[in-house]
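One structure, as structure tokens, below. Some questions next.
As written, the chains take the letters A, B, C and D, and residue 1 is the first residue of each chain.
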Amino acid sequence: MIIVLKRGTSEAQVQKINERLNEEGFKVHLSQGVEKIIVGAIGDRSRLEALDLEAIPWVEKVVPILAPYKLVSREFQSENTIIKIGEHEIGGEEIHVMAGPCSVESRSQILETAHAVKEAGATFLRGGAFKPRTSPYAFQGLEEEGLKLLAEAREETGLLVVTEVVDVRDVELVAHYTDILQIGARNMQNFILLKEVAKTNRPVLLKRGPSATLEEWMMAAEYIMDGGNYQVMFCERGIRTFENYTRNTLDLSMVPALHSLSHLPVIVDPSHGTGRWNLVPSMAKAAVAAGADGIIVEVHPNPEKAVSDGKQSLTVPNFTTMMDELKKLADALGRPVKGAR
Amino acid sequence: MIIVLKRGTSEAQVQKINERLNEEGFKVHLSQGVEKIIVGAIGDRSRLEALDLEAIPWVEKVVPILAPYKLVSREFQSENTIIKIGEHEIGGEEIHVMAGPCSVESRSQILETAHAVKEAGATFLRGGAFKPRTSPYAFQGLEEEGLKLLAEAREETGLLVVTEVVDVRDVELVAHYTDILQIGARNMQNFILLKEVAKTNRPVLLKRGPSATLEEWMMAAEYIMDGGNYQVMFCERGIRTFENYTRNTLDLSMVPALHSLSHLPVIVDPSHGTGRWNLVPSMAKAAVAAGADGIIVEVHPNPEKAVSDGKQSLTVPNFTTMMDELKKLADALGRPVKGAR
Amino acid sequence: MIIVLKRGTSEAQVQKINERLNEEGFKVHLSQGVEKIIVGAIGDRSRLEALDLEAIPWVEKVVPILAPYKLVSREFQSENTIIKIGEHEIGGEEIHVMAGPCSVESRSQILETAHAVKEAGATFLRGGAFKPRTSPYAFQGLEEEGLKLLAEAREETGLLVVTEVVDVRDVELVAHYTDILQIGARNMQNFILLKEVAKTNRPVLLKRGPSATLEEWMMAAEYIMDGGNYQVMFCERGIRTFENYTRNTLDLSMVPALHSLSHLPVIVDPSHGTGRWNLVPSMAKAAVAAGADGIIVEVHPNPEKAVSDGKQSLTVPNFTTMMDELKKLADALGRPVKGAR
Amino acid sequence: MIIVLKRGTSEAQVQKINERLNEEGFKVHLSQGVEKIIVGAIGDRSRLEALDLEAIPWVEKVVPILAPYKLVSREFQSENTIIKIGEHEIGGEEIHVMAGPCSVESRSQILETAHAVKEAGATFLRGGAFKPRTSPYAFQGLEEEGLKLLAEAREETGLLVVTEVVDVRDVELVAHYTDILQIGARNMQNFILLKEVAKTNRPVLLKRGPSATLEEWMMAAEYIMDGGNYQVMFCERGIRTFENYTRNTLDLSMVPALHSLSHLPVIVDPSHGTGRWNLVPSMAKAAVAAGADGIIVEVHPNPEKAVSDGKQSLTVPNFTTMMDELKKLADALGRPVKGAR
């Protein structure tokens, strides 16, 4: 940690900082620059968080040297984490496509979609049973009934299931039915929920919060790993910016950035990332070209009758075309799209 | 609702939209512009959410006419909501100052702070017992012990208490100890938690999420009111922008905007809004000048030893000076700062 | 244009709006909804800009129906604009790679780079002679000397040249030396400069402003086309957001969005878009997968000695590797990378 | 400057950095932390800009210690800059109100407005003669004719004039007619224009760019001061964020932040800052409470007939009421509103 002192800091004031750092077990190096005094503090990373030196009036700024995350870091584990689910591996060579409706609406809707996306080459079925909705008057999901329908669709098609959990009291229930637990964007910093999914043995798909920095996102993953669950994958789904032609701004640079900083797999959600179905295929291809380990997309047999997110859902024919293009692209990059025709 | 169709939409396609709207019980007006066809749909506001007409390929855009919120709206209730807590009224003429440390750290710390802020003119004591922290390695709060210390401080000083609840399973516990339940910024769209605090009879301080629009924030309040708890106050605490000299960008325009659109009180938090103690007094004054019904600020007897947020905490002398200035300012605006000397 | 009136607007007030619209030559349709009155105004798009109906107290909001741009729109011209420069075509099947240093620093630097990027498959040489720099103390470019060095490099290698113009008084000079005139991000809304480059017969590379919406960007292109120069290409180079791990947030969704709304070519700049050389190759591939007509990247023979932007510059070997990967990818998409080995 | 090296950097690599820094005249301190090597470089601030050490692969990050600005800094000049214009002083005790229409539209309009705002207590007349407009089809200003009308209004009322210059070729012309040269938000980083206004002896009102950080804004002022013109005042007018209920997000925290970092005066523009006339009076008061040295607001005798920005313009009666409230508020803060009744 580097502490820059304000111009005109007195000897006595420097001494006080020195003492405070020594008290906390840090070794201190002083360095007198042309205009400012700089204090270097060396010590245990875990104690840094507790120090709030910028509260001292003669401290200009504090610059952390070490990243605040540890378990998620590639410095901690240099090889990629590969998450094995059934016969699938996420984070290795294979690219996986997770597809399905925003919400589970009915038995026929989810089964029809499951069969269609399976045929087109998806390996996972997505679908929300518990829906966090901006409005209290909007459809809130079929809840346990929805989970059962997802399980039935898995039974029928062999697709594995990814679905969101929103309530700490439901973690066990949802974990019972699903293969991957999804933490939604709005819950990325719901630390209570992170601690709870950390206690399960289910892989976790951790969506990025709409205003989360890369570091905060990695810290959210750190919560889950620190709680004992090492099977975490990141999911970039767009951030909130001033541009509102798209629903969010899909930040694909995070794909190579995460791969460089962390060993965990990275999935991309171009449906929420753009909010417009006609942009989804291009951005799915871009995600794979950027190095994503998988994509998650919304597909609905009848988007204009969807109870949520129809605007960003692909029809089955559009999804099928996209899968064919993805396969060609992935082949050129030397990665197989698992399940693709 | 207005639906704009793409250029070149056929008669048959227009007809399909017509039918879909009639099916859902809407009355339809067609209007042929110079270049585009516009469809006006009139009907029950509650059914609008379910329609996802932008999923139809020949729809260019859908423009909602009615606001999605109802109970929070000044159109629903034209007079200000005044929240009575003990002998205090929030949302009326009185301006209230809520002050205290970021976290409850110890008995002596919270009691010392409580006495000091009481003396300077605060009416509410703030302090976190459950802390949502970005890092799993950071101090997470004293939990129930912290709540008891807050209650003891109330007993001793007569200050009322505002503290955050982060876990649905703790709502009852926290409500037992506190006078105002705080929903933190990161939980503004934790709808599960909103529904739970809606079931209590405690007033709720609803912080704005760092990337929440005005409308989303009002919808979060709508969740609480829809759940039966009408005692909601908004708390502006800054949004996340590209500017990072300040921790957040304090969006004071929300104060007059909320007062124009809603009947609920508005509180401002200049501590989180700026993240720098030396900017807090100016922004507290600005908040009151903008029409805020109260402010909530961090005060610590010894900021450089605080376990969290020391950088943005006022010392007791600085807080006292600020209170004197606030009082003068509020007097000029014809509003009393309740409790001020 | 749709005008929504506030609840409680009187007959006389509605009448006033009616009159104002008639005065300006608009036909008016009134529509009485359940809660609000809606006024539809039909008429000449060019007069809309002059009306400022939201200034009327009983107007709640005004919703434009028609896009404010015309010449850049795909509704105006349905086939792609293909810009022919020498033997190259931008906006057709070919993908072009523009490469070179941030700044022209010396004869040897620009010639060495030009030969290297030509060999690796670039068709255009980029390099700044006039540099807009945040600090007045930073290197401001070699100016005309730099332009001459670029011209010499073109002579030697056959590469065409793209370089930025920052001063209206230099437009003629820069146009004399360059094949493409670049409008930098900070000048995207320097309308005076846009009008000046519109008078030249040089193709224009229009970078997106760091806080420009898609619509504002298209309107900037409209300025150039309205001034008589139809050879405009967009260049996405990232927007400013809260995320600062990357220098900007590269908004690749704009590629398919622009292709859907406009007939003009789209180039992507992953160097400024990320600000980190190690992310550039992944994002260049992603750009091509998203449908970009070309990319522009910074290459420096010795990045750690570059006078500007070394952090985001590729070395020649890294650029060469990237080109090989781009070629494979583009092949899979059925598009040739013009010039690639 | 602090340079943090990546874990695993070799002795030879450290040596290379050492040499590069020595070459450039820096003294070097090495510091071996628990996990990383840190290099401190001490030397001439003006050479720092030229070094681009982050381009070196084994450099993790570079942390500048000194601010990049100098002349604008309070470290350079500790007392406030007071700009004297006629009998007025900006930056001292007096608060100044600059008021007038967005655009000069006609002789009668500007004279009527000038008399009205003078009577209500304004000391400066604002009004645009050259208008930077998003659309090429929008009204672009009366140009020199507009400047003459402003001069006539000054003659008649005694108000001083502030107006925008957008073209380097017009700087002399505009400076001839105006008392303060305004640099508009979109031109904040038009460095060519900054250098040109630096050559005049007119005070400059430097608006903040919609996506400019505090530091970039200060650097823009540094350009003007470095060019020889020390009479610069900052003007906060809102930044672009995701919130679009307001036209911009007025970032009032910049007022105390600038006052702490710089000696230059700070003006606030609540009209562009909010884009809604009904929020303007509250935010004008908030600006003064935050410590602003003046405000600049749009006033139009007939906002619904304004050719631009009517939506955010105050009527004369609303402006007069606001002035009365401002005066009371400023009195309470011990500052006179110059010119107020």
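Details
Rule of thumb we're sticking to: contacts are C-beta pairs under 8 Å (C-beta built on N, C-alpha and C of every residue); 3 or more make two chains touch, one makes a residue touch a chain.
Everything quoted here is computed from the prediction, not taken from an experiment.
Of the two chain pairs examined here, A-B and B-C, it is A-B that is joined by more C-beta pairs in contact. Greatest centre-to-centre distance from subunit B is found for C, with centres as Cα means. Mean C-alpha position of subunit A lies 30 Å from that of subunit C. Distance from the subunit B centre to the subunit C centre is 39 Å, each centre being the mean of its Cα atoms.
Taking each chain's centre as the average of its CA atoms, subunit A and subunit B sit 26 Å apart. Among the residues of subunit D, those touching two or more other chains are numbered 211, 240-242, 244.
Subunit D makes touch with subunit B in their complex at residues 211, 213-215, 239, 241-246, 249-253, 255-257, 260, 273-274, 276, 278-279, 282-283, 285-291, 328-329, 331-333. Taken together, the subunit C residues at the contact with subunit B in this complex read 2, 4, 7, 29, 31, 33-36, 38, 40, 42-45, 63, 65-66, 75, 240-242, 244.
On subunit C, the positions that touch subunit D within their shared complex are 20, 46, 49-50, 52-56, 68, 132-139, 166-169, 186-187, 189-192, 209-211, 216, 219, 222-223, 226-227, 240, 277, 300, 303-311, 313.
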